[in-house]
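Okay, got some structures for you below.
Below, chain A partners chain B and then partners chain C, in two separate complexes.
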Partner chain A sequence: MIWIAIRMLTGDRQKFYGLLFGIAFSTLLITQQLTIFVNLIERGASGVYNVSSADVWVMDPVSRTTDVAYAMPSTALDKVRGVKGVEWAVPHLRANASVRTKDGDLEGVAVIGVDDATLIGLPKSMVEGSTDVLSQPDAVIIDDVGTTRMFPGESPIGERLELNDQRAVVRGIADAIPSFTSTVVLYTKYSQALRYVPGTRNRLSFVLVGAADGVEAKSLSDSIEEQTGLKAQTRDEFARDGVQFIIENTGIPLNFGITVLLGFIVGVAIVGLTFSLFIRDNIKQFGALKAIGVTNGKIARMVAAQAAMVGLIGYGLGVLGTVGFIYGFSNNPTFKGFYIPWQIPLISFAAMVLIIALTGWIALRGVMKTEPAAVFR
Partner chain B sequence: MSKSNTAQPAICTRGVTRDFPAGQDTITVLHGIDLDVKAGELTYLVGESGSGKTTLISIMCGILWPTEGEVQVFGTDIYHLSDTELVNFRLENIGFIFQQYNLIPAIDAASNAAVPLIAQGMPRHEARERSIEMFDKLNILDQADKLPNQLSGGQQQRVAIARALVHEPRLVVCDEPTAALDASSGRRVMDLLRDVAVAEDRACIIVTHDNRIFDLADRILVLEDGRITHDGTQMPEDH
Partner chain C sequence: MALLPKNISFSRQVLPVIALLGLVFAVFFIWNGLPDRELSEPDQEPPRATGELAYENRVAGAGVVEPSSEVIQLGTALSGLVTDLRVQPGDFVEKGEPLFTVDTRAIRSQLAQANSAIGEARAAIAEAQAAQSTASRQLALYRNVDDPAAVSRAEVIRAEGDVSAANGRLQLARARLQAAQATAQTARTEIGRATVRAPIAGQILAVNIRPGEFLSTMGGGGAPFIEMGETRPLHVRIDIDEEQASRVDLGASAIISPRGAANSQVKASFIRAEPLVVPKRSLTNSASERVDVRVLQVIYQLPEGDSRFRVGQQVDAFIPAAKTADSE
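The block that comes next holds the complex of A and B.
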């Protein structure tokens, strides 16, 4: 009987494709929007992810994220270095600046000063040039998204910039995860950064700490807080702070939430309507089956098989569409580093099951209510 | 056609009444029908529109509950069965032929005719083979692979007959089997039905008001306003 059910379904091309489209469209909308949402808010932590070697970030107690930070006196560095369990501690400067290109355009940029000696604070890999270039006078490394923003279609290497009225020369391109706002980032040595960023008394934004072998990041951050009175966050905690900041301070969750809900509603509407139409078109056949001697239980299984088939194929198409989308846009800087967290297909699967269960149940009720005696009318 | 000599009638109704709600009131469509339908006979149930033919035949084949009265089909008190038992009783014992054929458009003719066997749990290919044997008997072998919408009305009705007979039910019921057909195909379908559906151990009851086929009946029952008013081998003179 299941075979018959499936043939009934696929035999009605229009409605079959309509149902597939409804499910696929819903799945695509839900999966794709959730993916973009998660990846976007994770951009709030890009500053942390880009410095993967730091186990603990130390900052002024009022600082909240890599971009919302209050500078500390330079003595903080020595205080942190004095804490037991600290393998290394380096200064890290993050500040906003404005840059004038040779065409005279003004652009807001983020300047990141990395430790002069170890260069800790730079992203892991370079797109062009090596990290050694920072030892050249006035050298800065630009991030790859900044390159496409400021130098579309041309190589930035050797370009001269006026960075807060100081001379800077682009010597390399870093492979970095863009920030939430896709701000252009210029990396330079800490000592150099101090020159670029006009002199307030305190300019040390963070102290980056590596834990000694066998020391837990969490316990290290606790002892740093205890002994220095500064705020210390493990890498994971600080990444979460960045994400949390985006969630709390933008309308993004609401916006995406609305789209996901719309995807769900559209799915229910399209699938519910088409499924009901399909059942109504076949109600005579179902009635005949009931008269001939097919139990309600078997009828229910037939409808369930039809729903499951539409659901699974439609879901597959929707997820495939999302993968295609992410893949297709992987070269676009806006979508750089986007991935589909495994939880998201699971969530959209649950949404699909809900849509199918809801609409299938409504459709099934129509069949169940049909009196077998109706076939003679 | 020899009269059946089985003691037990195929269908036996006693005091069957049926009410339907009509607004505030109820209307009584059947008034205490007592009837024995014998196996081995082609029995017609005729009467004017609204006289209760469909209601009666539905009650006799176990798809509509009588308001009062008893119905036995081959000795089984069908309305004393549980719901599931009744459904399974129909599946085993009754073949249906509907006016609108009610074939499933997406599967071919032979598979359509195999539906009762598939519903009984027979593997699909085996069921289809049995159904093709039935097609052979009905001389419609060349239509086995066609989809219902590739067949004429008469051809579809033959497929429906194959479906009604494929599982060798002991009772075959037809409501207006020729109403949607033109005169000659209606007559051919009835000839066929007579040939294949009437057997010693099988009862066949047909609701019709198609006077072109009255001559094919072994027994004609006339229903008027919910009462049997005539029971004979011919139509009464005044009809």
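The block that comes next holds the complex of A and C.
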């Protein structure tokens, strides 16, 4: 009986492919746009996620994100080190600077100063060179996306830059997720960064903290806040702050929300119309089936099987399209680090189920009411 | 669909298989593509409190290694060219050992002058003594003559005058001798001042002068001429934020590790806390440094014979917090 339903479905090629296209397209639209949306706003958290070893970030109470930070006096580091449950704490400097390239061009860069001794604060892996190069004089490490912006088509290794009248030599390329604005990032030692960034009295932007074994990051950040009066955020909280900052300060959520809604509407429109047209066209066949004694329940199951098949194939192709899109652009610096969060295919799957169930149910109502005699009219 | 065998339908069989394979591939891709956000341990050891302090209340501070005598920046009493330099950085010297000498030629000529003045004064004394003895004997001769008519009164008066004049000359010559001796003594003292000696026993930490260089008593050159200090044992001077100062358990020993070698920690015993809270010295090399943070400086003594610590090196310290301060 189900087999008949499937044959019935695929019998009309145009409607079948129309249905597939509608479902695949709206799946693609919803999945792909949601993916890009999530990845874009997560760029606000890339600064946090690039530092792989810090459990807690400590900052001035007015600091909001990795890029919107107010510097603290250097003794803040020792205050944090004195808190029970802190295994280690290292200084971390983030500041914007202007760099003069070899050609004399000016480029805005983010200078990140990592702890001199331990290099905590660098991204986890390097594209070229090792992190040890920072021990060489005037050495900086550039991020890979910054390389494509600042040195398109050439190797930056050994290039000389001028930062705050100081010499800087690029000695390595780090594998890092770019920030929301894709600013070129230069990593260097903390003491070196102090020279590269024009002087203000306080320089220490963040203190990165590792929790002692058995100490929860959340309770540690609470006790740091209580004892030092500074603001302490766990890694996840601070990442969320970065995302929240982008949501509050850009139009991205609205724009992508509209696109996702459009995908849903297109899906409902195409799938709904085609599916109900298809059912309507086959109403005679259903009538005949009823005439030979097929119950309404069986017919409902047949329609459900048809819907499931169209939905599954369409959804599969749509997700495949999204995967192909992300895979195809994975080498493009704009899409560096983009990934498909596992929740998004589930969301689009739920949306598909909703679309198909809605349209299938509306179409089925007509079938249910059909009298067996309809076959003779 | 002519490419397919007759009994296989593209839409009924191939397409669902493609869709299913696509889904499997997508699951695989998404699973592998999830970003690596695992927390990782740092490659190199950061400074950390160990042992009992790891889970106790504590105060952290940064500091600098210094000699137990603190650094003595030696100056010179006399200005002049360096003619003799006896020490090198790293030398251990005893108290009073000569370190360097400035040019003494001018003083030595003054000494020679004074010495010749002494000789002259001595000759003048001998001459005055001879004149005095002659005059005394003359006067004695006149006095011994009983007959008043034999010696005129005027003769006697002249002889008496000769004696007192000779006495006066002798006194003058003696005073000249003393003056010349004093001048010589002054010159000798100056020669002594030209040689700078070690004020304490200790180690030479830096020598910033070379023979032939001109040293001024006004300083002005910037770097001190010679820096020395007692490095057996070494001390560390730990800066503690004034807000944290009340929490420190003064008297307890601290855990100290040199910068960059956080896993080689030593226990340092408490010496004293400086009574004066001073502005924090930031080592940012900025010319226009302004600070609003003040620090309490606490001095600890490092164990002797530890070659990992050197004078001037930065260290990280963990000090136990006072029990009462955190019990509230």
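Operating definition for what follows: the second predicted complex is superposed on the first by the 375 of 377 C-alpha atoms of A that agree within 3 Å, B and C clash if a C-alpha of one lies under 4 Å from a C-alpha of the other, contacts with A are read in each partner's own complex, and residues count from 1 in each chain.
Definition applied: a residue touches a chain if its C-beta (ideal position, glycine included) is under 8 Å from a C-beta of that chain, and two chains touch if they have at least 3 such contacts.
Remember, it's a predicted structure, so these values are computed and weren't measured experimentally.
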| For A:288, is the partner it touches chain B (first), chain C (second), both, or none of the two (neither)? | first
| said: Taking the superposition on A as described, I'd like to know which of chain B and chain C A:7 touches: first, second, both or neither. | reply: both
| message | For A:357, using the defined touch cut-off, is the partner it touches chain B, chain C, both, or neither? Pick first, second, both or neither. | response | neither
| query | Which partner does A:118 reach: the first (chain B), the second (chain C), both, or neither? | reply | second
| said: In the overlaid three-chain picture, which partner chain does A:258 touch, first (chain B) or second (chain C), both, or neither? | reply: neither
| query | Does chain B (first) or chain C (second) touch A:346, or do both, or does neither? | reply | neither
| task | Quick one: name whichever of chain B and chain C touches more residues of chain A. | result | C
| request: Return first, second, both or neither, reflecting whether A:68 touches chain B, chain C, both chains, or no partner chain. | output: neither
| So, A:298: does it touch chain B (first), chain C (second), both, or neither? | first
| So which positions on chain A get touched by both chain B and chain C? | 7, 10
| said: Please output the residues of chain C touching chain A within their complex, sorted ascending. | reply: 9, 11-12, 15-16, 18-20, 22-23, 25-26, 29-31, 33-49, 54-62, 239-241, 243-244, 247, 259-260, 262, 280, 282, 284-286, 288-293, 295, 316, 318, 321
| field | Residue ranges of chain B in contact with chain A within the complex | value | 54, 57-58, 63-64, 84, 87-92, 94, 96, 98-100, 102-107, 111, 115-116, 118-119, 124, 163, 175
| remark: In the complex, chain A touches chain B at residues 1, 3-4, 7-12, 282, 284-285, 287-295, 298, 371-373, 375-377
| note | The residues of chain A that touch chain C in their complex are 6-7, 10, 13, 16-17, 20, 49, 52-53, 55, 73-75, 77-82, 84-85, 87-90, 115-120, 124, 131, 177, 194-195, 199, 201, 203, 210, 212, 235, 309, 312-317, 319-320, 322-323, 326-327, 337, 339-342, 345
